[in-house]
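Below you'll find the structure, written out as structure tokens, and then a few comments.
Naming follows writing order (A, B, C, D and E), and every chain is counted from residue 1.
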Amino acid sequence: MSDFLEIVLRSVCVLAAFLVLPLLVGQTEHKVMAHMQGRLGPMEAGGFHGWAQLVADGVKFAQKEDIVPLAADKSVFRVAPALGIVSYLLALAVIPFGPHFFGADVPGSLVWVLAVSGVGTVGTLMAGWSSGNKYSLLGAMRTAAQLVSYELPLILVSASFAIAAGSLSLVGIAHAWNPWWLIWQLPGALVFLIAATAELQRPPFDMPVADSELVMGPYTEYTGLRFALFLLAEYAGIVVMSFLLATLWLGGWTGPFDHAIGWLWVLLKGFVFSFLIIWIRVAWPRLREDQLQRVAWLGLVPIALLQLAITAIGVVVTSQ
Amino acid sequence: MSSGVTGYLVLLGVGVAGAVLFVAAMASRRLLAPSAPSLAKLTTYESGVDPASGGWAQTHFRYITYAFLYVVFAVDAVYLFPWALVLRDHDLGVASLVEMAIFIAVVLVGLLHAARRGMLTWSDSAADREDQTSDH
Amino acid sequence: MIHAAPPMIVVGLLFGIGLYGVLARRNAVLVLIGVELMLAAAGLLFVTVGSLTSDAMRAGQVMTIFVITIAAAEIAVALGVILAVFRARGNVDMSQPGESE
Amino acid sequence: MKLTYDWWLLAPVLVPAVGAILLLMVDAIAPRLGRLHWAFAAVLLLIGAGTAVPGALPSADNPRQTLCLPQNTCLYAVDHVGVGLQLTALVSGAVVALLALPIRVPAERAAVQATLVLAATAGATGVVAARDLGSWLVMLELATLPAIALVALRARRAAVDGSLALLTTSLVSFAITVMGAALWFAATGSAFFSGNAVLQASQDPDSRRILVLAVVFIVAGLAFKLSLVPFHAWTPEAFGGASVPIGAFLAVTSKVAALAALLVIFRGVTVLGTSALAAIGVLSALSMTLGNLMALREKSTLRFLAWSTVSQAGWVVLPLATVSSRAVRSAAAYLIVYAVATLVAFIVVTALAHADGREHARRLSSYGGLLQRRPLLAVTLALALLTLMGLPPALIGLVAKVAAIGPVAGSRLWVLAIIAAINAMLGVAVYLRWLRILFGARKDPEHAAPLHPVHRALVIVGALALVVTSIAPHSLLQLVGR
Amino acid sequence: MVATLFVAPLAPVVAGLALVVGDRSIRSVGRHTAYIVSLVATLAALVASILIAIQRPVLDRQWVPEIGMRLHLAVDGISVPLLLMTAAVGVLVVLHARHELPAGGTPATFFGCLLLVIGGGIATFLVQDAISFFLAFEVVLVPMWVLIGRFGDRRAARERSRAANTFVLYTVLGSTLMLVGILTMSFAAGTTDLAGIAANQMSPGKQTAVALILLIGLGIKVPMWPLHSWLPRAHTIAPTAGSMLLAAVLLKMGTYGVVRLVVAPLPAGVERLAPYIGTCAVIGIIWGGLVCLVERNLKRLVAWSSVAHMGFVMLGLMSGTTIGLQAALFANIAHGAISALLFAVVGGLKHRWGDDDLDVIPRSLRDVSPRLSLALVIGFAASMGLPGLAGFWGEVLAIFGAWTPGGDRPIGWFRVLTAFASIGAVLAAGYALRVLRIVWQGSSQGDAPPEPEPATDARGNEWLVTGVLSAAVVVLGVIPLILLNTTSGAVDQLMAVIGR
């Protein structure tokens, strides 16, 4: 019984986190982008600096009519949005905010995160395929290409972190962290950041949803709440990836007084990366599809492999 | 939280929660959102012009080589994670390092060859180049 | 530890479905999927048995990884061939006999 | 957990494998070498064969093992039979490479094909020696997948059809084989093909049942690769579609791999008794009969050879219907003889296809009067066919048939023996068709070029090989030990 | 003098191969050269055989250990006569081929194939190792196939290839079945040596099974009713020389095989099967006789008559008595000589008149060609079993032996069989006389005047061949003991072994 209660509680907490954190990131994006572009961004909703903007957006989306085109593959079309959110929800559940402060502890949680976060992209793929729309199809294809190209460096560098720590669980990795990693794993971290951005199809890697040529890519046919769920999934993705990187590279909760405020450190580090991802969006122009693949295969993969080599050799040398 | 199974049960619960969230959202939409379908709304959107020839038009798929590369590499990544755990082992460490180095090197040769043969350049000419085999 | 029965049932199901797909479907891609299901069944059986038996070499788990790898290699080749077939024929239906030169 | 390494013992596998990588690198560095790669491949394979030779000497201890774990179970072991098979695979691979040498292909394709041949040969030599499930599966697949790619790489319509047939069957077969392996593991609880684990398993009725199931699965899976009826459907398609040297590769090297894989299992399951092996007898009988019957009415050379392969495969596994170490040797001996004869036949066909054009070489009828047109080719082909028939003057074929029937007659499987006898007759009828055409009315192609020197050399070597082995069968048969 | 053991079989084989291969690849060989070469080879073989027969050398050594094949060459009383006959017939055949060379291929190929067959025959009677016996058995197939298929009757191309293929397929089936039997026995005995196999006694049940397989296999070669159907076809089509070899050498291999592989090592099995095989033999005798009564084609008639004769041989073998065995061996040789003679003569006639149908033979052959007609008379007289000629002893002794069968064979049934066999003998007399009458007084309906022929009578080689064969027939008929004595020793041994 107590087990059951515990399970429910944890699930609810994770859900809550999942609903709050992305909104924070989203709001941050609004404001940061605005200020970087010399604007104010949302100011009205909720009064103080438009803090309730995204809530308002949500309400608005909920009220919009939901259209399923005749040409679409109905069932797939309807289910697609769920995949994104569920996958990132599951990923978020295992990210530790402290040595004993996490949704679910599973051995090899790193592998778990990598596995489920990949599924989110499949949701996009389904959306694009089922829409029965040329833009969407093209977008879906590009999504697939991007997935296959950037999943790889992501996995490789994650492996590099795992090797450095000698553990597959995020908690274990965070425990094994020491300041040297900041330099030792720096290339890996950069690759991770870029690959993650690409995975999330954030600018400058938003070729699939390139609104200027593909309208909205896979999401073209979506309206109302389903569309909102895709947005939610995107920001949830940002959250997951940032916190994951924070755990892997910056040792998660480790920091001054971490036994007391470890979770705060995690949040802090996480948001730093979220901020970076937003910044990247503002700073760089969109890459062309061929440039995308080139970056992945001739840039990230070799660097990732290099990082692997460095890590492995380092581990062997130090452990002998 | 001791037994190894509970963690997975929590994940199950989280999954359920996600599903519930989705269902709830859809329900709320059903309550709040209007529904007045019309043909104009339901037709495929192609920037205003009437849709030509169904949505699943034959688009040439240039990424197949990337798909191959991904399959090869990503699966090889499978070996990295177990490796992470044995690398610190004293009598396996160095040996496994060497083996993994050989392994990655072989894969890299493949990548190198693919790159050299223009599989990674952005064109499908490599895929269906005219072949002048003397036929047998 | 996890009980043996459920995984075994899953193994049976996967293999059966895969076999059905192989036998019933004429589209090469679907056959390929069927094969993958069978392989998955085999892998699951390996890892289950491996977790039940106390083997110093973790043979079961290792075998699973091998199977996964080989399956991937197969997919690579298979996709290539299927693509070539599609280029040559315009469909990947296996029931129609190939004209053999 | 330390392993012992004996690099000389591993060389027959490593040389081709490393060679494949080298070839890719060379091609990446100097992309314009083109067909030169075939020469590299041939040389590498011959070197590999050279490294295998010491094991073939009667003095060599039997079996020779390496990659041994502390509790001396070894992952790699070659006995005399194994060495024989390894040599066959390597040499046949080299011959295929040489056959392909003169054929014009796009520069980038030659390299890839050569690499694939090397890789597949490495797999074939490896599966011979594999003594644990893991390397067994990996090597088996390493021997199979490149073959599919090789067939597909010709990129002609028919080749593609053939490769699709080959692909689907081999994928399914592999899935079944893996399932069998998993069941094996479940039954014995060990990933080794060691007899004693099987013995323990065969004590307990439950695990024995699982084990029998596993063996059935594995045999079925390998039957695909050996193209035994009823798993033979891909053979004519693939042979008809593939380029002729690749056909030779499928007919010889792949078969070596498949039989080697079967033998590895066979050694393990002898404790199960004949119950599990009755299936092999049935398959063998079916393949012999159907293969011969279909070959009797076949008009295309390559498909003819495909059907002959089917029936010969039946002969190869014929001894395995009985449980004895003699059976293993007999099967290996027959396979080697079959390999030599078939290879020679393919050499002739390739040479002809290169000189007179594939279209001409593909019709059986167009071999009319080859004796007047190209006596060398005709005589060599006749020798090869006689060997496959098992009639003097091709003594070696006769000896092979004796070896194949021996165990069956020895353990008094009358039905099987008589079916074999009838099929000996059918086989003679089959090959006589072609032989008659050779001596028959002359039929010239529209344009005939002289033989390519490499091909001519190969033909002569092949003829000599058949003659020598016919005069002294011992020279070839001692490969499989005694 | 071990060398003779090699010379006897190898001289023809090597020469034959040289002729066949050399003719194509090096330079085409002329008719005369081919003739000389083959004559020399066969003479060498004959001389060697005679030496062997006198000195009885033995050679025994490893050959192909993988299949337990030894190189064991020797002769005994049973094989010596066959060996000599084969060698002698070989020479005669070559002589005859000089006189009558069929079209269809180069002379070198023809002579080469003849030599290969002869060599194979000689080898068969020399080897003492079961597997090499099988091997020698197979050697003759391909050359014989070429002889029938390429050099056969020019008038019927399709029939030619059919006859050739039927011959090869039947024989291959037979020999492979024989191989199965051989392997079974050698596996049980642990040796492939004929003596060793004979020494090892299997359980009666197994013996019966093996004996059945072997008898079916060898019965095809002998040929024994109902497995004979390839023989008439082959004989009709084959060139004269081919027919002579077929009758005098190949069929003997079959019976020799029965003696060596069935009668000697499997007494119990033979005893159990004897009634049935004997029945088949007798049916063969009657059947052959009846067909001969109506057959108008001379060559086919002779062929059918040999089916009948072989029936006698099998009957003798099945009787399981010394007499019967002796009779069988004697009849074997006798039939070799007689049918060789007949085929030579009939072939000559066919050569002359382009057809061997009884109708086309003009009025009273004896006027046209006395020598040929004499030979023909002798031949048919012998084959009808006239006392004083070779045919007589074989048949009479066979019937005599079968009248009181050895072991616990069903006496009653064997008496019935013998009765029918003697009826067969009567039939033989019938058809022989029929032919002779026609030859003597010309054909009943063909009243065309004999068109003048340049060389209608036998001259030179043909006369030599027919003469020698006729002489042999007469000699064997007058003093059978020369043959019976040679065989008796070995036969007694054999009976001693079986008797236990």
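Following the convention adopted for this analysis, a residue touches a chain if its C-beta (ideal position, glycine included) is under 8 Å from a C-beta of that chain, and two chains touch if they have at least 3 such contacts.
Given the structure is predicted, the values throughout are model-derived calculations rather than measurements.
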Remaining chains grouped by touching, chain B not included: A | C, D, E
item: Intersection of contact partners for chain A and chain D; value: B
item: Maximum centroid distance from chain C, chain identifier (CA atoms); value: E
item: Closest chain to the centre of mass proxy, which here is the mean CA position; value: D
item: Chain pair bearing the highest count of C-beta contacts; value: A-B
item: Relative to chain D, chain with the most remote C-alpha centre; value: A
item: Separation of chain D from chain E, taking each centre as the mean of its C-alpha atoms, in whole Å; value: 43
item: Chain A and chain B, separation of their C-alpha mean positions in angstrom; value: 15
item: Centre distance in Å when chain B and chain C are each reduced to the mean of their C-alpha atoms; value: 18
item: Whole-Å gap between the CA centroids of chain C and chain D; value: 25
item: Of all residues in chain B, the ones touching two or more other chains; value: 67, 74, 115
item: Chain D: positions in contact with at least two other chains; value: 1, 155-156, 358
item: Touching pairs among all chains present in the structure; value: A-B, B-C, B-D, C-D, D-E
item: Chain D residues touching chain B - in the complex, by the definition given at the top; value: 1-2, 21, 24-25, 27-28, 31, 103-106, 108-109, 154-156, 243-244, 350, 353-354, 357-358, 361
item: Residues of chain C touching chain D in the complex; value: 15, 18, 22, 28, 31-32, 35, 38-39, 41-43, 45-46, 49-50, 53, 55-57, 59-60, 62-63, 66-67, 69-70, 73-74, 77-78, 80-82, 84-85, 87-89, 92, 94, 97-101
item: Chain B - residues contacting chain C, complex; value: 5, 64, 67-68, 71-72, 74-76, 78-79, 82, 127-128
item: Complex contact set, residues of chain E against chain D; value: 17, 21, 24-25, 63-67, 69, 120, 131, 134-135, 138-139, 141-142, 145, 149-150, 161, 165, 168-169, 172-173, 176-177, 179-181, 183-184, 187, 206, 209, 213, 217
item: Touching residues on chain B, where the partner in the complex is chain D; value: 91-92, 106, 109-110, 112-113, 115-117, 129, 131-136
